[in-house]
Structure formats: structure tokens, C-alpha cells
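Chain naming follows the written order as A, B, C, D and E, and within any one chain the residues start at number 1.
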């Protein structure tokens, strides 16, 4: 895989260009990572300056991280609502646009309308969930990003930003919790 | 595949083994079979493609000459196409059953088989989706069923069950495909990290740039949660709607209120059975013994058995009322089934559907792949026959004996049906070579939540209830 | 927007009475229908496999045993149901209920799901299994007022819609309403024993209405409640 | 052509070339070619109705034909015509396919490769006429010319007769299977014997209460089915209150019997015995109208009811019941049908039946028996009369003896219509030169050297005096409704041309320039007729009216009451039926009957009629053998099993139809299929039962006894599914309730 | 996380696809319209303009419109009725004369063609008070006829739907035009 060294960080937490270094360390398992995170927090690294990557979903609490707010449920609700309305339009409005009687039924019957509305609501829910979550995750994004392939081999990657002055201190903390591959994160095109 | 699964102790060892494995080893264990596509594999692909090609030719032939080249006639207007359509829809129900329902129930044994199940759903639906087109007299006008503004001021008739079909099936197809894909992303990233060349580019595209940050995991979990809730009513509605295709007519035997639940249960029965069949084969074909273990087949077998019991219950509930009501035409139909020209099909249906229930009651059979394969195959033979009886059998009789009919199939129909079966297997085979067949991250997650605890002289897995 | 209910009392309800006491099973109606409606001929092979295209057939029913055996005839064509089971199931409105109570089949809208064929309890709908064949110069006999159906679509008796329209148009041009008996579908026109009577049920004076009130009248599969517009008159009894 | 008959507006899209040929043809580039000179009466896209006469059978119903852009589109009954009053049967409706039949002969041809070679060489009409003229001119003796006619229009018959006369040749021989099956020849004799008249009787079904039909399938093919069906409708639910009773007496349940109130499966050939028994009972028990019978007692002096019941297999109780019903009715009629004429006691039998009408005093009475009107003009009197089988036999004999050098065949197809055993095919080979005027290459035309196709009846002129007639004098008009499609020529014109070329007496006998001139002269007398429903002053007016209204007929009803001859003073004979083949080796009696749709087989080349299901068996496109369930069981066959039917004269194989309505000792086979040549729709389809029939006659009438052959059955073990309308599983049930 | 390049990837994908779709649809629509309004080449360059200006009414040459489904084309005889004397030198007229001498019909190419399953009659439309221009456009200003509207179902309905309630019910019934 090709590396493209670049100074720009897209994990930027607002610190101005060049005024900060980003470090990445790999851990073998969760507990040490959690301890390392605690130590770093204690050392005054802001939570949003740290990112943990793992090949396995660790519950946030496991790493002592806060849960972040999601727009997803609202996107889904909005989607469902629009699906509902579209269903209504098709099953209730269109029969009146060109009136044709069938089998002595009323132009709009409850059961068919119910089915159509229901199905379209569900369809919209599903689709909006998918698009919603992609949107939340900024996917797709194929640009270069700091990452390490060992993540999918079971390591946890802790990446953080700090001012150059504190780099040594941070490295020590990481080593203290026997992290390996400590250093400038590889930026690889994903 | 006549090997029986190891004894209890050995299984624990296996589990311990898996527990002891490093993640990288698991990755390799899963990726390895994907990478190697031997002569046998390509031979299979070639054969299947040939069948599909022939089926496509048959379809072209059908379109050019007209529906007459099938065995349909008056009054048997629907035959093998609709039968197979119902069959595939049925098959498609296992995927959501497994992954969605069991995910909600936090049934942990689901983990290694979810992806196989979801893939089955998606592909079965694709095959099913072909039939509404194939059976049209003027397929080139199918777009009139799609609601779009047009200069004729005309919209489709949403009172028609076929319209319900159209939207419900497309919803289910979209839903299950997205569901499959969403849960696939992390494994795509994994595959991306362990491949290069063409596959790398493919996986890179599919991984969408996944890195496994906490935020990504968190969102993925939420999305999957919503999906598994949302897709269950859909999968219930789809087969109900399919059943209403029949139930809304005044055709004797079709005009029944129990059809919807009866079809749904039948669908789950055949779907789960088909899943078990496929798992046994894939396990052997891709050497996934380590991941697909006796515990999985055991539990799967149990559900199949239960579904079978439900099917029997619903079948009997319907049959009883039909028999008791003693409506002349229905009486005639029952006569045809019990002692008439439909008798062979009828008895085949009953044996092929009931015997497996008994077989699956034995753990030994559930955990012996060969036996399980046999039992579950039998189930699907039975369920296909059931659909034959419902669609073709019923249509041969109606209220005016003068108008009764018979049906003889033709090479065109058979070829097209074969096409979808071959197409399904083909898609599934290719899929298994492109995508990690067992959801690696889910297994790892499971592993993460397990610890082996020693009780007396037994190693017992204990799960951590964290969310 | 056409509102059917609005002009209900003004619009007719076309209906046909079939007097089983007169019908002799002579098949004149069947051939007349073929000629009038461009109904294709299926040929021995297809006809033998239930793929004949007749819009009207004469069912023949046996009663009793030799020597006291009897046979009865019953012409069956599309019953033009008031509440037709075939209509709602069509996904594209190719068949629907027209203001005059006709069970319309719009050929050029049909996509050939054959759902209506399954839904029809009388099984009077026929399907174009292949392209219709009219070896030259038999094409010359085709009635220009009636669409020649292509393969892959449903068709059925229309009560000779084109003949109804023709008379209506003439009447409208003359500023009057069609007289009772002026409109005659091909089968009615030709029926030698005059077993078929066509008319407007909404006009209580029309012959068909009178026959509908006869004690001999019944409807086919009435228990299904499809409200057929074809009224059968029992055989073997007198009207008066 | 003439102005429209009914003024309706018809809707049509596209011009002549753009006739509908399927959905979605909008892409085609279409040319619109307007007339060079527009004809007066044709409005493009508008329908015009032309009146003419149906020639699908001998009845002569009036038709109107809907023509759009010069193409005939639909045939309907002529609502003004007294005979059928706008009604028409299946065969009449199918007439269009005679006109547009793809297998029509399109021009004069000569069979170069020898007879049966089917290698034809087109001929210019002049050349053809020259050839024929030369052949006839070369005759050593005009007596060596023979003219064999089939179902000929009256005007052509007259012309042909004049032609033969003029030449000094024997008069045309007319044979037509359909007429033979109707028993026309015998019926003629019957009329002569009973009423001393040449015209056929008319039975007033519409106004009667009781009808005893002895083997008359008058709702299917017998005599004038459309008129009779109309009256049957009245008999059932007419404006005359009460519902008439119909009793059908015949060995097989025909469609007519199916419509009847009672079917009496009498032993074949003994229908007359029933009639005699009824008569005897009536006179014995003095039933019915007081004093009306003593004078007739003599008729039945040789009749013993017990024997009759025995012979006819009808119980005495039934006979008494029928006698009472028949005699007590105010209006009752007994019909001697065609099936009787098919037996060797035909004439005697029909006499016995007709006698019942005399006995019950129903002759010339409303609801009884009337006579057809003779032609209202002397020139028209010479109407086509079918000849008896004997005269056909004579012709065959002469041919075989080499006494015929030129044979002209028009409308007849003897090789198909005569029993194979009659040996016509072989006899033809002795005739040096055969000319066929048929418009199709049928079994006889294929044996011709020269084929001069006549127009189809929708393209030709003519007139027809319906027999049996209507309630008033009628002459039905025939006129071209479309221009001839092909280079065919009216046989009338051919004969006229021949005559003028031959010159001499022939030319003198046929002075007319063309067919129309001939017609005008023939119809001349009618111009001044006071009866006419459509008065016309000048010949021109008459001609216009004649063509517009489709013929000439009297304005009001004129029933013709017959005079009964002295025949009723001599005792009626009891003639036992005899049949060919000994009952030992041939246990069953063969019952051939004309197919309702194909009639005697002339309809077999019309797809519509082939597709039309038989009313009783619902079979189309084939031949079948009807067996009583018992018979089938004893033979071990079921529906669709192929059986071989063997008679002393030939054999035939066909699938079985197990038929509840037939006597166990009778085997019925429909006539009509089994063509070898007759176009794509008829050829190689089914079998022709006439191959089995004996060429024997009724000694009294000389008519062909086509129903007097015995057969045996052999199962072949093969099966052939018949094209049935009904489902066999349905087993003919109306519902399962 | 608001990473710009991530957004870009996301932003480009869907709009791109939908744009392509729109382009296709619009393109197809325009193309079909062009096809529908294309007029075929005629054997004779007949100038409606001149005849109309000369005061010849439509029904003089298309006389059946009032009484028949089809308006009809003038017979060659009708053309020669005038052109035996008028404009005889004109090359186009010479063509007519030639057809006349050869007793051949003029093979006009059909301009307006309704599919076979559409049943249209001029008569009721004219008796309803429409005039030719309503549907055929300002023919009086044309040379050989150029269609002005694609006469599809929507076009018919636009007018039929505007009719008074009781007629609209009848006129918008499918069976009015489809049999």
C-alpha cells in the first residue's frame, strides 16, 4: 500500500497547522488501551484529541470514552415520514387523478391503502437509515487518512494530537502501557 | 460429507482453540478459502453459467413467441413460474429470520451464520424478482406497473395485489441487500488490509474508507439495530402479500383467510431448511469447520423443527376447515389430492414435510451434516410440492366443471426455472469467493465477550452482557 | 375527472338475457362473434389444450341415464359483472368498470399478468398465447372497428362495444336515445331461435328488464355475488 | 352498386391499407392512396350493406353483407327476408371465409401433369373457352356430354338445362350429399304422392302445440334450419302463450332431440312403425277430434300395435301416451325427417308419418302442414331438383361404359360425397375430358383436366326460390357484394360464351349476352306482379328494388293449403327395415349424420367452422365415433381411445366419444371430415364415414339408403385426444352441487 | 467530524448519478418529440398555403370529414377538375397530370397516424363544433402538411377533460377511443 506523507490532518481538533504533532501507538488488547487513555487524560490530553481504532467493536465505556450524539434517529424518522406521505399520495391521491371503478370497490379502500402506505414507510425507513449512517460516517471517503493495517489484525490503535512540546511525555505514557509502533501515524489512502 | 462432528469434549477443545486464536489467524482462516479458486470451482461456475445462459435463451424464446410456449392454458393461467416465485420468496425469509430476529434476541450462536443467511435472502429475492417479469404476456410493458407521472394521466392500480407485490418485494430486496452490505463494511476493511491488486481495489471501494474508529463502530451498531427492527415487519408483510395474490380471488381453495400466516410459516420452514442445507455444503466446500460448529447446526436444526411443527399446525387448521365445510369444488380438490391425479404430489408433500420434523428431533441427526443435509433438502422438496399443489393443483378446478383443465409443462418453463436455481447457486458461489463468508468482526466481537470459565473439570464459555 | 356515480341514472346498464328454453345449441352465436370481433382461430392442437379463443361458448350438460337421458345447452359469455372479481386485481387498470356497467378490457393497456383470468369465476376470459394468425387474404375479413389483439394480452366478450357505440353515435347525431332492441351484439343479431335478448337494465320497460323480472330468471353462480349482467331464463317452463 | 340497405354510420380508423394488424403499429410508414375516380356510393371508411342470398346450403336464406372500402366484413341475416327474418346460422356466418379462403382457385388452370398430378398451368379464359368449345364441338354425339351439378343456384340450373337441351345432351344430373342426408329426393316423392305437388311441405312449428319429429333434425341441418329454429323459438316461448311440446323419435340424441321435451330412442329404421302404431291407436280408441278418423281406419288395417311396439323397441304405454297427446292437441304436427329417407323403407316410412297429419286433420291448418309456394313466374319454375341416387348410378354406369366424353362438374364433389363403393372415382377415369367449375381444388376437381373456377357466391349473380319456402311466395336475389377478388368467371357467363362460340341450336337456346341479361329476362314477369312487397313500375325500378331488398316476395302472408291425394285410401304398408351386412359379424348399425358446422363436408375448409365445437360432443377439428357407454365398456375403450369401424365396404379409424344419448346397437359418426384435397384447413383431418356406407337405395324412391349399413368395432389400443371444448374430468356436470 | 474531502466524495456520488439520469430522461423526451413531429416526404410538394389563399375550403378537398370517420383525400379526378385548366405548366401539377393519364392513385405518405387500437372519427368532432385548425394547426400557412401536435392520449384528454361534467364522464371513459 502506498503512503502519502502529508502534513495536513483531517483529524484536526482545531489546533493550527504545524503547531501540533499527531502520534499513534498500537496496543494488543483493550485493558491496556483504556489505562493508557486514562493516563493521557490525566496528563491533560483532551478526549476529542484522541481517536481509538479497533478491528473489533469495543463498547465506549470499555475504553472510558463518552458516547457521542447521533442525528441518525432523526434522519430515519424524517425518512419514514416522507415514505408515509409518498405512500398516502400513491394510494389515496392517484386513484382520484383518473377515476376508474374496479369491482364495485370505492376509489380508495382502507386495506389496500394501508398496505401501500405501510410498505412505502418501511422502504423509506430502511433507505434513510442506510443513507443516514453513511452520512454520519462521512462515507464514502477514500482520501488518505491516518491508519494502521494491524488494526484489523486485532490491535487497537490510539491516535492523539498534542503540542510538539509534550510529544516526549506522551510517548513515555504510551510506552509505559507497552504500546508499540509509536510514532507519526502512517497516512494511507483508504 | 459423512464425517460426524467431534464429541462433546472435543467440541469444547475446538471452542477453546478458537478462543485461543489470534485475530490475525482468524483473518487468515477466513480469507484463505476465498483466495483459492481451483479447477473444481471454475468448473462449477462454468456449468452453472451454461445453465443460466440456456435459461436466458429460453426466456428470449418465450418473449418472442408468446406465453404459449409454456404449458399454461385456460383455466390454468399460472404455473411453474408463480410456483417457483413463491418458493424463492419463501427461501428469502430465513436470512432476516436469523440475522434480524436472533440479533434482537442476542442469540449468540447466530454470529457465524448471519452473513450466509443474509446473502441467501438477497439472492433468493433477486431470483424471485425475475418471475413477475418472466410471466408477463408483454414484459416490454412492465414499466406501466411503476408509478410515474405520464401523459396518459394513468397510475397503477394500487388495489391490485400485484402492485403490493411489486413494492413489497422491492422494499425487501433493498432492505436485505443494504442490511447485508452494512454489516459487511468492517470485514471489507479487514479484507482490504490483507489483499492487494484487483481484490484490494474492490475491497477498498466497498470498505468506503472504514477504519474502525469508535465513532464508526458506534454508528454501525445503531444502524444495524434500527435495521433489524425495521426489517422484521417487512419480511412478515412480503409473504403475506404473496399469499394475498391468491387469497383475494374467488378461486376455490385460494379464497382463504389463513393463507397469510400459513405462507409466512411455510416460508420460514423452507428458508431455514435451505439455510441449513447451504451451510452444510459451504462448511465442507470452504473448510469452515472451525467456525460452523455442531452447536450451530444443533440450534438451527431445532428452529427448523419448530418451524415445521408450526407449518403442520397451520396446514391442518386450513385443511380441517376445508374438509369440514365440504364445499363441492373443494371436496373435489381434496378428492384429487387424496386419491386423484394430484395424489402423488400430495403424499410427497406430506412425507417430505413431516418426516424431517421427526428426524430433526434427534440431536444425532441435527449434528450429523450428511443427515441434516438430507432432512433439510427433503423439507424443500416438500415445500416446493406444496406450492405446486396450491398454484397449479387448485387452478385445475373451479366452480364450473365444464371449464376444468389440465396442465403439461414444457421445456421452456423447466429451463427458466432451472435458470433461477442455477443463478442462485452461481451468485452464492461467487459471493463466497469475494466476501468473507463468516462475519469476522462479529465472531471477534463474540469472542471478545466470551471468557472460558472452568467449572469442575469443564471449560464453560460465559458471555459478558455489555452493550 | 369522470365521476361515474354522477350520471348513473342517465347512463344505461347493458345486459343480456339468455332464454335457455329457446337455445338450440346451434353455435351461430359463436361464429358470428368470431366474425364480428376478429377472434382468432386456435387450430386443433391449441384448441385441444384449452387454448381456444371463443368469446361465447355453449356449455352442454348431461342429465339422467339412457334411455331417459337429456342434454341441455347453456351459452356462456362474459357476464359483465356489476362487481367483477376480475377488475380490482389488474395492476394497470386494463380491465375496469365503465359507466355503462360494462366490464371493460382495454387491450392496449393489458400487460398480460393473467390475474383477471384466475379471478374470473366463470373463466370466460381468453388469453392470446401466440400472435393471431390470419393467412392472406383472410386478413380482409377483419372488422376495422375492433382491435386485432397482439400476443400476450387478455381478451373477452365486450357485448360488441363497437356496435353499441355505433348506434349511440347515430342516436346522438339524431338527438335521441337508442331505442330498445336497436342495439344488437352480433350473437343476439344472428341467434335463430331468438334466445338472446340485449338491452338496458336501467330502463324498466326494456325487454331485457321484463325478462329479468320473470320467475324463470336466474344468474350464473349467483351465490358469489358478482352481480352478473347476463340473465338466464330456466328451460322447461312457460313465461306466462 | 346499390345504395345502402340500413342507414347506420360506422366508425373506422385508417384507410384501406391501414387495416388493423395488431397493437402498436404506429411505427409503420403507411401510404394513403385515394381513388383516381371516386365511385358514387362508396364513402371511404363507411360501411355499406348489400343484400344477397346465402349459398352455404340449399335453404336460400336472405343475407346482408357489410362492405367497407370494397371489402366484405360481415354477413348477417336479411331482416326483411320472409324466410329467415334477419337470422342466420353458423355456416351462413362463415361465408366470408369462402370468399377470402387462402386456398381458392384464383384463375382458370389446366392440369398438365395428368389427373391428380396437382401440376396446374394457368390459362387465359379465352384459351380455356376455346379448348372447351373444341372438346364439345368434337363430340360425335351431344349425348356424350354430361353435366353433373351439386348445390346449384336456380338460375344456373336453368341455364345449364337450357344449355344441355340446346346441345341435345341429357339434362344435368344433380347430386348433393347434404340434400341426400336431408332426404330431399324422397321428400319430393312424398309431396308428389301425398299432395300431388312438386313443392315441399312446410310444417308450421310456430303455431303448433305438439310436434312429433321422426328423425328430423330440423334445428341443425335439415331443410331450412334457420326458419325452423326461429319458429321453434316461438313454439317454446312465443307470443302465443302456451309452451309447445316437442318429441323427437330417432336412435341417436341429436341436438334437436336435446332441445326436445322427450327423446324416444327407437330402433333404427322403425320410426315409421311408431307412426303406424300411433295412427292405429288413434283410430282404434277414437282419440281426438270426433268423427275425423273413421274414414282413415282403412289406412291402418294391416297395423298391429303389439308388433309395432316390439319391432320399434318402444313400449305400448309410451305409444298410447304419445297417441293421446298428439290426437288431443288442437294443433299438432308430425314431421317425416331426413333420417327416415336414409333407410330402405324410406318412402313408406315417410308416408306413414305424413299420414298422421291427415289423420289428426292438421293438413292446411294453422300449426299443421302447408305447402311451399311454387316459383311465382314461369321462367323461374325450372328450379334445381336433386336427383335420386339411381340417376347418379346411371351416370356412373354410362361413364364406366365409356359413353361420356366430356363431363362438366359444378358445385358437386361426388368422389367425396358418394360412397366409395359407388365407384365414381373409377368411372371418371373412363371419361376423356373432365371440366370442373368448383372454386376449390377438391377431390373431384383434382380429377379434372380443366378447372374453370366460378366466382364465390358473394361475388356472383343469381336468384333462388327457397325450398321449402316461407309463408309467402319468395324469390331470393343474389348479387355481387364485392368485385371478384381473382380472375375467376361466373359459370353462367362461361356457358353463355360457350353457347355463342358453339353457335347453332345452343346459341339459339342461350341468346343472352351475359348473366345479368339472362337474369333480367328471367325476372321479367315479376315486374308487373301485384303481390310485390316492393312495388316497382318499370323494369329499372324493379331491378333496383330487387337488389336493394334482396329479392322479391309478396307483401302479405299467403299460406298454401295442400290437397290430399287418394293415397290416403289405400292401406299403409309396414315395411321392415333391411340393412347391409349380417348382424352376426356386424353387430352395430352405422348412423352417419351431417355435422352441424361442416354440414356434408363443404364447410371443412373454413377455419371458423372447423373451430366451431359440435353442440353435443363439443369436439372440433376432427372425426369421432359415438358409442353408448355400455358398448364402450364391453369393447373396453374409453373417451379418446381410437377404434376401427369396419363395414363390408370399408373401414375407418377414429377416437371414441362415449355418448350417453345413443342406442347400444348403434354407432354414430359425423360426416364432414376426411378430405384428401380441399385446402389446408380440411386436408388430412379425420375420416369420411361414407367410405363405410353401402351404395344401396330405397326401392320405392330410388333414393340412397345411407343409414342402412352394419358395422363392427375393433379397439386399436391407440389413443388420440380430441379437441374438446368441455373438460372430460367435468363429466358433463353442470355443477357439483 | 467535518472532514472536507470525505464530504466531497459523498457529495459527488449521488448528485452525479441523478444528473446523468435527468439528462437521459430529458434527452429521450426531446428525441421522441422530434420523431413524433417529423413529417414524411410527399410525392408531390402540395402547397396548402396557395390553395387556402385561393379560397379553397378544407372540405372541398377533404369532403368526408363531416359524415365519415376519415376526412379523406381528394381523388386525382378532383385535382384535375381544376388543374386541367389552372397552373398546367407547374412541374408539380404536371406530376398530377401524369398520375391522371396513367390512371394511378397518388401515393401520399400518411402524416398523422393513430395506432390501430385508437378509434377516432372526424364526424363527431366536427359536429361538436370544432374546426380543422383546432387540431391540425394553421394549415393555411403551410406547404406540405407539418404536424403541430403529437396526437397522443394526453393531448386528446386535455380537451376531453375540459368538457362539461356529464360529457366528460363519457368522453374520458377508455372505451370511448379503445375497443
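Brief remarks on what is shown
Following the convention adopted for this analysis, contacts are C-beta pairs under 8 Å (C-beta built on N, C-alpha and C of every residue); 3 or more make two chains touch, one makes a residue touch a chain.
Keep in mind it's a predicted model, so treat the numbers as computed, not measured.
Central chain (C-alpha centroid nearest the global protein C-alpha centroid): C. A comparison of the B-D and B-E interfaces places the larger number of contacting C-beta pairs at B-D. Per-chain Cα centroids separate chain C from chain D by 31 Å. Centre-to-centre, using mean CA coordinates, chain A is 59 Å away from chain E. Between chain A and chain C the centroid-to-centroid distance comes to 65 Å (mean Cα coordinates, whole Å). The multi-chain contact residues of chain D, meaning those touching 2 or more other chains, are 9-14, 20-24, 45, 725-727, 732-734.
Contact with two or more other chains is made by residues 1, 6, 9, 115-117, 119, 121, 123, 172, 174 of chain E. Multi-chain contact residues of chain C (touching two or more other chains) are listed as 1-4, 50, 59-61, 85, 88, 90, 93, 96, 107-109, 131, 145-148, 150, 153, 162, 165, 169, 173. Residues 22-24, 27, 147, 153-155, 157-159, 163-164, 167-168, 170-171, 174-175, 178-179, 182, 186, 189-190, 192-194, 196, 200, 204-205, 207-223, 226-227, 230-231, 233-234, 237, 241, 441, 444-445, 448, 466-467 of chain B are the ones touching chain A in the complex.
Considering their complex, residues 1, 30, 51-63, 65, 67-68, 70, 72-73, 76, 90-91, 94-95, 97-98, 100, 102-103, 105, 109, 112-113, 115-116, 118-120, 122-123, 125-127, 129-130, 132-134, 136-137, 139-143, 145, 147, 149, 151-154, 189-190 of chain A touch chain B. On the chain C side of its complex with chain D, the touching residues are 19, 21-28, 30-32, 34-36, 38, 41-45, 47-48, 50, 52, 54, 57-62, 65-67, 69-74, 107-108, 131-132, 135-150, 153, 162, 165-167, 169-170, 173, 186, 189-195, 233, 236-240. Across the complex, chain C is touched by residues 65-68, 72-78, 135-139, 141-142, 144-145, 154, 156-157, 159-163, 166, 245, 248-251, 395, 398-400, 402-403, 405-406, 408 of chain B. Every residue of chain E that touches chain D in the complex is listed here, in rising order: 40, 64, 67-70, 72-78, 99-100, 103-110, 113-121, 123.
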